[in-house]
Amino acid sequence: MNPPAFEPRHPGFDTRTRESFARQAAMRTLGATLASVAPGRVTIELPWSEPLTQQHGFLHAGMVATALDSACGYAGFTLMAEEAAVLTIEFKINLLAPARGERFRMVGTVIKPGRTVTVCEGHAYALEGGREKLIATMGCTLMAVVGRDNIQG
Amino acid sequence: MNPPAFEPRHPGFDTRTRESFARQAAMRTLGATLASVAPGRVTIELPWSEPLTQQHGFLHAGMVATALDSACGYAGFTLMAEEAAVLTIEFKINLLAPARGERFRMVGTVIKPGRTVTVCEGHAYALEGGREKLIATMGCTLMAVVGRDNIQG
Amino acid sequence: MNPPAFEPRHPGFDTRTRESFARQAAMRTLGATLASVAPGRVTIELPWSEPLTQQHGFLHAGMVATALDSACGYAGFTLMAEEAAVLTIEFKINLLAPARGERFRMVGTVIKPGRTVTVCEGHAYALEGGREKLIATMGCTLMAVVGRDNIQG
Amino acid sequence: MNPPAFEPRHPGFDTRTRESFARQAAMRTLGATLASVAPGRVTIELPWSEPLTQQHGFLHAGMVATALDSACGYAGFTLMAEEAAVLTIEFKINLLAPARGERFRMVGTVIKPGRTVTVCEGHAYALEGGREKLIATMGCTLMAVVGRDNIQG
């Protein structure tokens, strides 16, 4: 996976992304942190934790999706105009293996930026004993929203 | 939306579904409860709560997906063999409107049961002031898993 | 499946849809015809034909998707502004059963119209000996495009 | 995109894939040829042709999907057991740009092989004047089917 080569539209992309992430209460519920922010790519990490599990003790597919959706959404957000907010139109996730591990790394990457619609892909990895395993992939479509009350950042 | 007309494979489908749901710690994190269990259809409800929100104060798309995935997964589970466990292979969610509301109702419905692979659809509704609004739809593919250690129910 | 209750934006929605369909060479290759056009719902029909099959003699999943995508696309198109063209952003299809039958009916229905983004669902049925069987479902996101050269209707 | 490193299950994977492809009448309708077959990766190519177009003269999204689905399906097929047939359970396609070009290259890659369920991703490229442009991505789930009458190869 090579780094994408995108130009941000404004210098504040890093600060704006971190500020918006800090306002996502769901990320605190996940125990997730922003591991890296680059134009067109964002990485989020979280530890395994019992409150996020399904009936077999793995991370719930939806919790994996929650972190991946944020990674994709913020990857797209880094390339949006300064006044834009980001909303997810749709995503699809394929669960390749049960989400067992000590920690999880979610990588969101823009594959097609656009003024209105942006397409991203996400990869989720389980980390255990120094090894990394791909456990899920996501395809995600985002919308840049401008000028709607109550929807900023 | 008419009720699906499916026959469960064993009389314990209701009890097994409720027991498995009770083991999903993620459902407690969501504050979600099992509102109804029928062969091929399961409804889950949850209140709006701040720890589940994204940056604009709506439920995070991934949290909507988490509840919808459980609704779909358990809808499929009601029609599986007694010894089977259920895993999600993939799902896709379309977010039709921001997830604002007092409560949310997630309905999972089997559209094609199968010995190995089951296909479901999910509908998420926001409830506010006595009104109900469709906010998301899901298409979901499940797998019945038999005889794998650590994966039961 | 109840008919959706949508208002078209302009009286020419029926004529514009039929004219655009007539320009889709791919529909002639499929032997497909426009069976009905209503605001927010379009039905396309086609016979089984050998040039559309995969290796087992069923309609190729992609050919089912081609007809379903047009049904969804035109369902959305009926609700778009007069000057808009329609492009598919993405779709997902679940194949529920092999596409065997004498004829096939594809129904596209708008579930969320929008100024820019419209979401539809599609249902594909195989018809044989007077019976109808659901063989595929689609979730589809469309974009209304205005003012781009070479993209009209 | 690095080549996947998968071992085929039997030496006849190449011959079986080519024979099955030759039986897909839909590939002849597309004018598609099998450009390469490797364990876990298959490439299909086709020229632009008018009978495959939508109303703006681009390849119809469904025709792009037809070729991509075959590329993904056969990528999975190369890793399946000798007696297995392959069926598509579901796929999702994101259309990143209109399908204009002289020729098109569809690359299907296995990302998770399995005894029953295999997950692939597909990338579609438009070729024009020596340049190559990514126009669509696909996520695809396949099923290996054994011992069903009328479904072989």
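Annotations for the structure displayed:
In this document, chain identifiers A, B, C and D correspond to the written order of the chains, with residue numbering beginning at 1 in each.
To be clear about the criterion, a contact is a pair of C-beta atoms (placed from the backbone, for glycine too) under 8 Å apart; a residue touches a chain by one contact, two chains touch by 3 or more.
Since we're looking at a predicted model, the values are computed, not measured.
Overlaying chain C onto chain D using CA atoms gives a rotation of 180 degrees, to the nearest 5.
Of all chains, the one whose mean C-alpha position sits at the greatest distance from that of chain C is A. Averaged C-alpha coordinates give centres for chain C and chain D that are 23 Å from one another. Spacing of chain B relative to chain C, judged by their CA centroids, is 28 angstrom.
Taking the mean of the C-alpha atoms as each chain's centre, chain B and chain D sit 32 Å apart. For chain C, residues that reach two or more other chains under the stated contact definition are 89-90, 92, 94, 119, 139, 141.
Chain contacts here are complete: no pair of chains fails to touch.
Put simply, chain D touches chain B in their complex at residues 89-90, 92, 116-117, 119, 139, 141, 143.
Residues of chain B touching chain C in their complex: 92, 94, 96-97, 111-112, 119, 121, 134, 137, 139, 141. On the chain D side of its complex with chain C, the touching residues are 20-21, 23-26, 28-29, 50-57, 60-63, 65-70, 85, 87-95, 98, 150-153.
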